[in-house]
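Each structure below appears as structure tokens.
You will see subunit A twice below: alongside subunit B first, and alongside subunit C after that.
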Partner chain A sequence: MLRYILWRIAAMVPTLLIISALVFTIIELPPGDYFESYVSEIKAQGEGVDMEQIEALRKEYGFDQPAALRYVYWLGGMLKGDFGYSFEYELPVSAVVGDRLWLTILVSFVTIIFTWLIAFPIGIYSATHQYSWGDYGLSLMGLIGIAIPNFMLALILMYFANIWFGISIGHLMDQKYLAEPMSWAKAKSILEHIWIPVIIVGAAGTAGMIRRLRANLLDELQKQYVVTARAKGLSPMRTLVKYPLRMALNFFISDIGSILPAIISGAEITAIVLSLETTGPMLIKALQSQDMYLAGSFLMFLAFLTVIGVLISDIALAILDPRIRLQGRSTK
Partner chain B sequence: MTSFLPAPGEPLPHYVSTAPFDPYSVEAMTDEQVRVNQASQLRLMWWKFRRHRLALASGIFLAVLYLSIVASEFLAPYNLHTRNMDYIYAPPQAVHLFHEGKFVGPFVYGRTMTLDMDTLKRNYTDDTKDVQRLRFFCRGDSYRFWGLFDSNVHLVCPAEGGQAFFLGTDRLGRDVLSRIIYGARISLTIGLLGITVSFVLGIVIGGLAGYHGGVFDLIVQRVIEVLQSIPSIPLWLSLAAIMPATWSPILIYLAITIILGLLDWTGLARAVRSKLLALREEDYVLAAQLMGAKSSRIIGRHLVPGFMSHLIATATISIPGMILGETALSFLGLGLRPPITSWGILLTEAKSVSVIAFYPWLLFPTIPVILVILAFNFLGDGLRDAADPYK
Partner chain C sequence: MTSGADLLRVEGLRITFSVLGGEVQAVNNANFRILPGKVTALVGESGSGKSAISQAVMGILPNVARVGGKILFNDPTTAAKPIDLLSLEREGEEIRGLRGTRISKIFQEPMTSLSPLHTIGNQISEVLKIHTDAEKAERRARTEELLGYVGFANPKRAYDMYPFELSGGMRQRAMIAMALICRPALLIADEPTTALDVTVQAQILKLLRELQVKLNMAMLLITHDLGVVANMADEVVVIYHGQIVEAGPVEAIFRNPQHPYLKGLMAAVPHFDMKPGERLKALREVPVKAGTLLGGSAADRRAGPDVLLSVHNVSKTYGTRKSSWFGGGESTLHRAVDDVSFDIRRGECLGLVGESGCGKTTVSKILMRAVTPDAGSVIFDNGEGPVDVLKAQGDDLQALRSKIQMVFQDPVSSLSPRMTVKNILSEPLEIHGRGTAKSRVETVRSLLQAVGLDQRFINRYPHSFSGGQRQRIGIARALALVPELLICDEPVSALDVSVQAQILNLLKDLQKELGLTCLFISHNLAVVDYMADRIAVMCAGRIVELAPREVLMRNPVHPYTKSLLAAVPYPDLDRQLDFDRLKDSEGSDMRRWGPQFRDDDAGDTLTAADLGGDHFVLARRSVDARELRP
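After this line comes the complex of A and B, so read on.
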């Protein structure tokens, strides 16, 4: 088991290296750099610019050096926990990002739990009642969940929450808690706000998971061992819970790998529409103003989150399913 | 009682049936079987596909939509850019058939607008005296058909001097229905162009990786894994954000299709690769190699056509993702920009909750988006089943 986990962690390293190279290329792609857009912005306001100071800043952050060298510096810095400097906020990136990372993780995590809680019973129901009205209805709902754009769902929910419950949603907590440290009141406020983004982000992922769970479980239900178990007099419920469901459970955990990127994607867009205090809105602003270290760190972080999520699902799967754990060893 | 049987010992009469005899009659196939046996692959697929009612209906629906973009100017009652300053934020007008119990054909009631001086909200009321019959194949707003020649013929127009906004108007008094019809042009083609990019990339890269294997295959495998593990929207956002603001709308449109395609080829490449890994061991590949065919010819001429139908089915299923991607990018202001009109651009009008509260008809563009995505999903399912007609 330990060997498998170690091997799996080692396999992450090249993946993360390629991702970092990709991210660096993307943030390097636009012509010019932050200072150029900064200078032109100040000039547009009709003020003078101290070019010497700009040049000094350029030098300090290594903008006069070739891109490859800067990539190495950036990578080295990240390994030491130094994510660079945000020019827009004039603060180190780690200070700007702060809470937002945790809130993004929180939203993604709660969304996955929500996805499971919804998809699991519905998937089982759909598979055991194939071609019933319930199955058709739930499948249709799932398809609509896939088809409706995240941001539209966000807007519509915002509107109805306003009409029906009289609350204005958006944001992840009451504004007065924004700068405060974590407290019970703040946690409560977050809990009150988090369910809307979770529903919105989870809609597409849940629908996809229901579809896949249903297909998987249907395959299992047609197998011989189910017939045998039934023929021996096991009640339908027990048969289902004892064998096919356990098989489908494995798939359930491995499916994190495929829904996590989608959830994080959806969370970004939803966060922008609902102005949540997560990474989304800041990422867009950083991208637009070419605040490259900030944008790069966000992208890196999101990719890292996915990779870690997949890692956790792989390890959980290995614990659950000995076939994966023992893969490659002699079978005796 | 006399027996029909000859008496015992009596010689049997000689008898030969004159009916023609076909010794293969037992093995002969019925007409139906002959038809199935001689049908081409394509025909079999069509038969199988036809049985999938929902997929067939979706296919027809999409075909109609794609045909409509050929003649958007004609189908839309108004020009894309016509501003009716007297009818800003006008709600949708219902089409009636009967006026005071009498049949008069499709018509709308005239409108009077009053401005609420407290809230500055425009209130429109139907004037039930004023019957405005719709005209068909009529002359209305002028337009340049595909930028080629001027015309002003429309499928349906409001009565002379009247207005007919079936889905209401936006903040500049532009007809929402017309804008949706025009928007289909961009929104529907962006998915097709994007899928073409990813199709080419997927076949070339997946083909080379699967056919040659080795180091190239290893690298491609890694890259695919990485691309699939990165959340796509942030990546799209970053690629879209780096486009210079000075580019022309058309250039941006092309760039967006390429961005959407660049990140989508991984699934196709995987499918191609795994198929080729199995197929490259076949004898006909060896024969082609011995005859000196280049690998590009073997892949393109001999291998890929064998599972083209699967690839098309796979591609169909990934078109909705692209349409949604474009919508999202445009909505966030990082995608297309006006004057290009797509469904995503139309939805940017409905960006705030207050707009939804006061002018909910601005949400109408969501409906075609949802319908098109559902239709592509059903069509893809049907095609995937039909791609393997012998199953």
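After this line comes the complex of A and C, so read on.
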């Protein structure tokens, strides 16, 4: 088991290397660099530019070097925890991202928990009461949840919150706490604000999970071992939890790998609509302005989360499913 | 006998299933009883409603079922009045209190009946957890004790094993332990040995018999196999299309069957005492009119060299990775086919018998060029010069394909559900460019006639046919190209007994009328005995014995053949399985064969020793043929 985990961690290294090369290439693909877009922007505003200063900056950040070398610098920097310099904000990337990263992780984490809490009971109910009115109603709601884009839901909620309650939803906290260090008041403000984005971002994921849990559980409920458990005299509830639900968990665990990046990247447009202080809006702006270190760091962060998620789900699967863990242990 | 003496009385039981477009009556007014401490066999074919009855007793019918009548359970351990099981609340505490303790059940498929994610110890001791106050340690101790009793050599270790780590027979033993741990008054065994090999079946039957006597428990044995009934039952209940047609003590049922269905069933089972040329009596016989079908009479086709197909020293090895992807990737080699040689003579039917995993299907795939062997050669010679089957290419291979055809085991999955009968039967003709569109339709019609199917069925899809009819379509497809060699891989093992007789007779008639040469592969010795002229017995990838049919049946030499023959349950009360003998000659265990049949010490290899009269047995080179005779 330990050997397997070590092997899997070792396998992450080449994966991340390949991703970093891809990320770097994609960021380099559009013609020009940040300084060119910066210069043309200033020129368009009719102001003069100090070309010498620009050239000096270029040199400082190695933009006169060949691309391969810059890639190596970038990679080396990241390993040391130096994610580069955001030209847009004129700050190191880590300082720019800072709080926003933690807030993003917080929103994502709460969203995942919310998804599970809602999806599990509903999925189980739908599967055990197949073709009942409850099942139909919940399925309809789920389908609506899948069909409506998140940002649309955000707009609708904002509109009605304003019309009905006269409040403006949006942001993750009261604006006065924005630059302040963490305090009880700030935490409370975050808690007050967080549930709206969580519901919006989690809606589609919850609906999807209900559908999948229902389908998986329905398959398992047909299996012979469920009849065996009933023939033992086990009560219906305990039968359900111990056998078919346990089997249906497998899909759910393998989902962890994709759920992290899906929630983080899916939340971006919603975050713009709701003006959340997460990384989403910043990533999109960075990509637009070719602020390459900032954009590159974000993309690497997403890739890292994906790889970690897959690793966690694989290890969890191996722990939970003896067929994966023991297959091949000699028989008898 | 008063009702008080019966353990279970079924009175006027009706079960209907509501399905799309109406209701299906699965059981219609069934009445029977189960005596305490006796084995009652419920015999019927698939769809007869026998499983529905057992589910009704346990209260585990699917939701779409509606039940009427009474099932009275009279628990001998309590003095209370009989309980009507059907009046109990569905999934209520009362019925759950009976399940697993007083009435328990084992199922046909030991693989899927156990949860793959829980250890067998967990699943067995769970029954104790539900029904007794026993502490954890005591539950474990009692489970281990029972595991040891049902035949686990190391019960402490077995407790923590998962079902997928066990063989089918051991899984079924675990199931039995689970059913019996609370010492029920009634055990329902639903086809408990149908999915098992014949030697394993004999062991499981023996175990069930011993436990039934020891615990003085009643057993409701649900089966389609009259051989199992004759060896196990005290009382027999015969069910046909949801109706009980005959019930009584086993003596009366076997010696003096009354109902036409039961009589027909008895005559449809192949058994070993059949006289040469004796035919099975199928419940519905299919007339064969192959006459004009294939062009050229049977006599023409019998001309040519004596040996049609010759297999020399064929081996096929598969690498299986024993360890999972956690550890190293050391792989072990599994010899699926190990140095197999045999000839198929023109016009004969060669039977190939063996248990699951012995390599018999791999052999058939090698002959069809679906699997490439590692070594050996296969020579096909129909008089137009020998062809090496394994090396043929291009046109030669194409020509060869039309000469060797195959009939498959599963009549459902071997026919495309999206093609009509006409498409299915004319496709081989199209592939080989035979005839015009019009003449092909004519050929399809005569093929249908040959297998006894109505020509009006020509535009139907496979799903509108029964299993037996589908298998006849499969046979017609194999015959479309006028093959010389027909390979039948378990053609009747998915069919009911009455249909089985029909298909066997059909194959036999076709073989005779068309002068076909057959390789008949089966795990069922009685079926092979009925079909084959010579029989080859396969074990662990090798042919251990090859002899003419009568010689092999009367005078087997190899220990494996002997144990195989000893394990077959006969549908005959005068030839009961000798359970005691089964114990000391477990022939499927290679280590217990006599030294002359083993090759485990190096230096001496095995070879097919000629005992004379076409009788070959696999033994050491150094052993004299006379020593092999017991």
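FYI, the second predicted complex is superposed on the first by the 319 of 332 C-alpha atoms of A that agree within 3 Å, B and C clash if a C-alpha of one lies under 4 Å from a C-alpha of the other, contacts with A are read in each partner's own complex, and residues count from 1 in each chain.
Quick note on the criterion: a residue touches a chain if its C-beta (ideal position, glycine included) is under 8 Å from a C-beta of that chain, and two chains touch if they have at least 3 such contacts.
If you're wondering where the values come from, they're calculated on a predicted model, not measured in any experiment.
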Subunit B versus subunit C as contact partner of A:18, first or second or both or neither: first
Subunit B versus subunit C as contact partner of A:149, first or second or both or neither: first
First (subunit B), second (subunit C), both or neither touched by A:128: neither
Touching partner for A:322 - first (subunit B), second (subunit C), both, neither: second
Partner chain in contact with A:254 - subunit B first, subunit C second, else both or neither: neither
Contacts of A:235 with subunit B and subunit C, given as first, second, both or neither: second
Touched subunit A residues, subunit B compared with subunit C: B
Partner chain in contact with A:94 - subunit B first, subunit C second, else both or neither: neither
First (subunit B), second (subunit C), both or neither touched by A:307: first
Touching partner for A:139 - first (subunit B), second (subunit C), both, neither: neither
On subunit A, the residue positions that both subunit B and subunit C contact, one per complex: none
Residues of subunit A touching subunit C in the complex: 1, 3-4, 223-225, 227-236, 242-243, 246-247, 318, 320-332
Footprint of subunit B on subunit A - complex, ascending: 14-15, 18-19, 22, 26-27, 29-31, 143-144, 146-152, 155-156, 158-159, 162-163, 257, 261-262, 264-266, 268-269, 272, 283-284, 287-288, 295, 298-299, 302-303, 306-307, 310
Interface residues, subunit B side, partner subunit A - complex: 222-223, 225-226, 228-235, 237-239, 241-242, 244, 320, 324, 327-328, 331-332, 334, 347, 350-351, 353, 356-357, 363, 366, 369-370, 373-374, 377
Interfacial residue positions of subunit C with respect to subunit A in the complex: 58, 60, 91, 96-101, 104-105, 107, 109, 112-119, 126-127, 130-131, 162, 164-167, 170, 175, 178, 321-327
